[in-house]
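There are two complexes below, and they share chain A, which is joined by chain B in the first and by chain C in the second.
Moving on, here comes the complex of A and B:
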């Protein structure tokens, strides 16, 4: 795919450089006799209410091709102040208010801030226009690479909103060749309806190099074009581009279903893993499992606050720093619960259900009293914010990616502990035959305690992984408990592999049913499928070896 | 280890059953905040546990604050107002049970409560049987007119339809296509039915409308946001999302929406239930521009609003209430309005009896924190309120984009759908 993109990308860029050179020449010729920007008029427009504001912004965008560099810088300042809500309207004109100081919006002179100036509010129509204008201004005035990147990304949503002359000027100012190519690709849309046939063909090829539903739609409208009927070269290019784009669009939707399924599965898996250890290995129905997840998230929050006060520079990495803390705190709490309550009830499984339910109610109320009921304010580090487009319309979101990677890491850790350590061996031994294990000298009580601690710690880690995706409040755990039980029962009590396969299955089926029958039906259908499966194989997917009980 | 006898099974399941009924009954215990002779009792039906706890729970305190204000001014008809709070634990049948208990045993003069339409629908038969009075502070789906319920907030014709009109106007986004996404219960389904009727009357083809529902408490919006993107990429004009999910599904939806890189300028969301409090804990910089519509927004510039916000902050500080002092939401103002309207009607009737209080409703009204003169008529128990359309900003609150000229006359029954 990369090779394909390179090939067409280079061709498109080459042709576009020629086209753009023509444009910019025209723009420069125009620029020499352009009047200076009407600064007071622009500010008055921004302050004049919805209609004049939209006009001023549209006018500002039009004037960019010819505006002097000073005017561009000035306008960038005003638009940034408008976006940051620092622009205030007074009679006449406006002023920019920053941390106590006020400057006149037109002249830049320091003025004394008046009583209660009005803040202009952007409606949706002008907000879109302001975004375009701000991005165009960034390309024309800023040298800051990340903000130029952001501006390009934004303009690629609505490339037809910006006049080609502005793109031409931006191309002249491009910092790198890659950036010049990117800008050239944006002005592709303008060339689609150009009278010059080679430019049109190159534009079509340029569109096909970025295959997604929007470009596919644009290409399909070209079939209505008169040239499609008369010019065979044009028709062939359009048909080839459509065939190619629709392939990538289809592929991207398949990929995104798979990704959605895997990311949902990773959430199910990570929430169910602790339960699989405790319920599966120890036979304890731990209804407080969801609350250990919640406590894990709260511990992560405490770590965040700690990092904020001790080392504010590391705040972006608090999720990583929190991992050992979260595991230790929830594991110790699990051990405490085991030592005080659960150990008395090992031979009465239904009583553990009741006792752990009481623990869950207690923990919810404890957190409610201590922290309150509102959703916690988590800092969202850059690595779990937003996402990137991989191909077509397939967006990989970082928070889900984080959950997938984290789930894989936790899987590896749990597998290692259970299969490769002495503790794991003991846990598996006690699971198979508690009395016999005791007879050969395994301290079953201590093994129980450590296994419960391990399960609780894993639940805590689940809370940490879920914090960037879901709301964190005292009740968050209750949402996971039912789904976790479904996964564990379906997977076959006590096997990590079963838990993994079951969560992948439930996740993927859910995601595939949802678009067809809706989210409500998906939940019901999945539940019915699980019930049917359990009827057929009561021990789940991977039953523990041994005689049927 | 997994073996248990029939006897132990019966004993344990008995305990479990007792535990379940016990824990359900426990939050229903009614706690009088103060007991005095010569007082009149008001009952609160707001959950402070369960899924609705975070937003609904604070209304208990608003009612107490309003009552304290009345008491400071000498009470109502010379009697001290006593507020009785309960906790129906977001469990809809428990609202009816607690409401009945308050009316029959505590003899409350009026009930203030319910958030979701489900809870109102379950209290409705109780207040109708006992001829009680329920003040309902949420904007809602309409299509209901009981003489025992005072609908303090707006029916769809006065809140939702103006907001949709705004979206379809040039100053909005000239919306042409609509993705209706809601939780699966009464209010979203009724609203969407009416909206579809309204769109049909505006000449919008059914193909331009897509309707999806999610279970109560749903949080995994990945697939649905994908569907929204696919819908948005189609032809036929500007797409918008009209969101009627409730509770924690609101922040979860917005988080996923922002993460998939959709801006309000691409596909705006009109969150019919979205309140300032729903955005606590969210980074709203990526969500700036999304809309909501209510009869009050925190950004209202009115001396009444300044006073209300200051009163709430002082109340939170003085009583150690576990809610944020700087967040005020429409249902809080509506709950406050409810208590004031009840007190005015009782004063006018000279009596606390429900039939007389009810017949005193006509003509009462005052300037509430929204800055509008709210008013009641003799036609029904609806209150005329103003309407605001808000635009989400980076500070987790809403700027006022549009507000109604005056207070539109409420129409209980929709002519659409």
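Moving on, here comes the complex of A and C:
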């Protein structure tokens, strides 16, 4: 159980990795301890032709773990000079030539340039080794972030040529946690092909501890390793690690599909909820609902601009500040539309479709004339950017999380209003039996008006939720309206539960089909599925009780 | 005609204004107008299009487009006004006709001039997709228009009407259907030209596109088809079949109880309406010279219902007049004040929906109803009318 639990934290895995790397590094360090850097020997090796040069470079890399900071800096200078072809070989030690002056490579003393110095030649093989050494030196000595990044990138090409001890030391010196993780990962990769079997096994375990697609791929290449065929312990470890991490990778892909589906569903849900309230009550589809969503986003924009000019410090919280404004503005607008147009049409639902379409046309063009057709520029608050990795490749992105949390809050609000307030009781009563409700003295007309306002306000909140994650322009509402209809029609007449389940279902199916056939085809298939479903159950998932009309 | 054969769907006409707008005389007037237009185009066609007599080729073409729209509105009126089923997806059938017409024109153009259509060059195809086979023949294209639109309508209508999907649900589903079709057509790999659509028609029946004679011919054809449809539907809707359709609209359960199979009744009107809409699309596309998925946008399909609602549901003349009025206004404003058009259209819709429940064709009756209220009180007739209107939707 413990084993399973500590996988869940990325941090725990990272700590484990570092521990593995540190352990193997410490084990190696004991063997090569105390060898203070032999400066003349190193320079002589560099000057001694291809063989001694390779040896010197490898030796230098080995000795880095134990070398003193001064030695590291000195070696960095020499290797840089070698790479820049500024090192000259003279007897007894080399020389570094810089702009006419010459320095003794070993002692650093200024000397007079000799007559005919020889430049050591870097062949293709040693060039790679020199690059590795240079990168390792940079990691150990430089504080300059871009050059450290370059060094890491260089090391990741041939991590197996670098001794684990060097990685251990670099991990200690890492400037940021991201860098520490990168170095730790490199050391694990290096350890995978190390000749030391316990270190290899520890590295495999380390990889399996942080399962994602990349590590799984890396583990799978180990099956081609010669040791896989000969060493049973190795084979068992590799197989166990692959089985283990492929489980987590599968789980994480299932989780991310579910997560994407839920976040899509929550946007659908908020968009459709207001529609469902209105449809349930009056049997009227409000074709202007998409435009109320759009107006909600525009109101949020106005609030953002207001906050920017009044209290710039609060700009990060404008979305929260905007909630009451957006709700009130769109709700009042909804009440206005109801009072002037819709109330005359309750007995002619199909004419309401046309009338509300006219309203939507009017609103779109009003906004277009006032604000223009460009997308609005929204500030993206910190809580809707970025994300964190939960398990495997499953990244919890904050913008989707925001949509989900917001939808849950709206659901709670709507549920509270409909189940726990007098207005809600009236709305439910009128929905169930309008005539009877009227007979017992419920002011059905006023309930209609307030419910229309509630539905419009909820649509406005949908616009608010979409503002930071969607293109906000006069036409944005039309993109939602058809899918919102389908949610409402699929859910059945105006129950919150039906709307919720319908949006979750549509969201999940959509996200599941999307990787197979693409976004457009997913939408097409989902809509066709719903159309087919309606034929089978014309009143949706949760039909209102009573006889069919 | 006598009072017994009032326009289908309309109630016995009351005297005065009614006759002028929606009553018996309305039908005759509109028919006469269409026929006169057709005759003028046929007789003076070449001269008209030539310009000296004042009617520019642009206007002749406009008349043709309006006729195609009027036919489309007639198709929707048939199913909405007479059978009481609102479709917000009639653009689907219009586009089926349009796409097949465009395919025929491109194939025909290829056969005559050997020019490969733009969209195929764009996709890098060297051959027409398999389903374009035979489309260079006009009779086959016409047959295909009828078959495809009829089949699509039959399949969709059969499942829907059988499970008694109706009212708002049906309207929403039809809109979803046309939206699905639009999404599909926006893809470039379906072989229908993708989001750019199809254009670049060069010849029609061997005549070069853009010539004055062809413009006149297409307009005359559109007017002729409109006239035929108008007379044919009039005949159909005043007969026994039309009365059954109306009965089904007003009380389907009672009709079923009497032993009529309303499923097949509704289905036949639905398919007829779809085929008419497809024919309208077939006439429309050669006149505008382009087709793209925007024809399938849900907005256009709603607009068709708006034409009918403004002109008058349940009156054949209402649909024709509504389509011509709204579209002529749109064309007129398109150059003068395009930004004003949406405001005017939305205002018009709200006004008509609130004040004239059955559109302009009912204007006279509404006015006399006001008179009824003030003076003679409610007659049994006006009560019945109110009931019907409220139930009919």
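Brief remarks follow.
The rule is short, and it goes like this: the second predicted complex is superposed on the first by the 360 of 549 C-alpha atoms of A that agree within 3 Å, B and C clash if a C-alpha of one lies under 4 Å from a C-alpha of the other, contacts with A are read in each partner's own complex, and residues count from 1 in each chain.
Please note the rule applied: contacts are C-beta pairs under 8 Å (C-beta built on N, C-alpha and C of every residue); 3 or more make two chains touch, one makes a residue touch a chain.
Quantities reported herein were computed from a predicted structural model and do not represent experimental measurements.
With the C-alpha superposition on chain A as described, chain C and chain B clash in the combined arrangement.
More chain A residues lie in contact with B than with the other chain of the pair chain B and chain C.
In the overlay built on the shared chain, the residue A:68 is in contact with neither chain B nor chain C.
In the superposition on chain A, contact of A:485 is made with chain C only, not with chain B.
Legend: residue contacts after superposition of the two complexes on their common chain; A:285 is shown touching chain C, with no touch to chain B. Once the two complexes are laid over each other on the shared chain, residue contacts for A:538 go to chain C alone; chain B is not touched. Contact with chain C, but none with chain B, is seen for A:362 once the two complexes are overlaid on the shared chain.
Applying the stated contact rule after C-alpha superposition, one finds that A:131 touches chain B and leaves chain C untouched. Once the two complexes are overlaid on the shared chain, A:107 sits clear of chain B and of chain C alike.
Of the two partner chains placed by superposition, only chain B is touched by A:214; chain C is not.
Contacts of A:353 after superposition: both chain B and chain C are touched.
Comparing which residues of chain A touch chain B with which touch chain C, the overlap comprises 283, 347-351, 353-354, 357-358, 361, 520, 523, 549. Interface of chain B with chain A (complex): residues 1-2, 4, 8-9, 12-13, 15-16, 19, 23, 48-51, 53-54, 57, 170-173, 184, 212-215, 217-220, 222-224, 226-227, 229-230, 233-235, 248, 251-252, 255-256, 258-261, 263-266, 268, 277, 280-283, 286, 288-289, 291, 322-324, 391, 393, 399-401. By the touch rule above, chain C contacts chain A in their complex via residues 86, 88, 159-160, 162-165, 167-169, 171-173, 175-177, 179-180, 183-184, 186-187, 298-299, 302, 305-306, 309, 339, 342-343, 345-350, 353-354, 357, 389-391, 393. Every residue of chain A that touches chain B in the complex is listed here, in rising order: 50, 85, 121-125, 127-128, 131, 157, 212-214, 217, 253, 256, 260, 263-264, 267, 283, 346-351, 353-354, 357-358, 361, 368, 372-378, 380, 385-387, 389, 393, 395, 397-400, 434, 469-473, 475, 479, 510-511, 514-515, 518-520, 523, 549. Put simply, chain A touches chain C in their complex at residues 279, 283-285, 287, 341, 344-345, 347-351, 353-355, 357-359, 361-362, 364-365, 369, 478, 482, 485-486, 489, 520, 523-524, 527-528, 530-532, 534-536, 538, 548-549.
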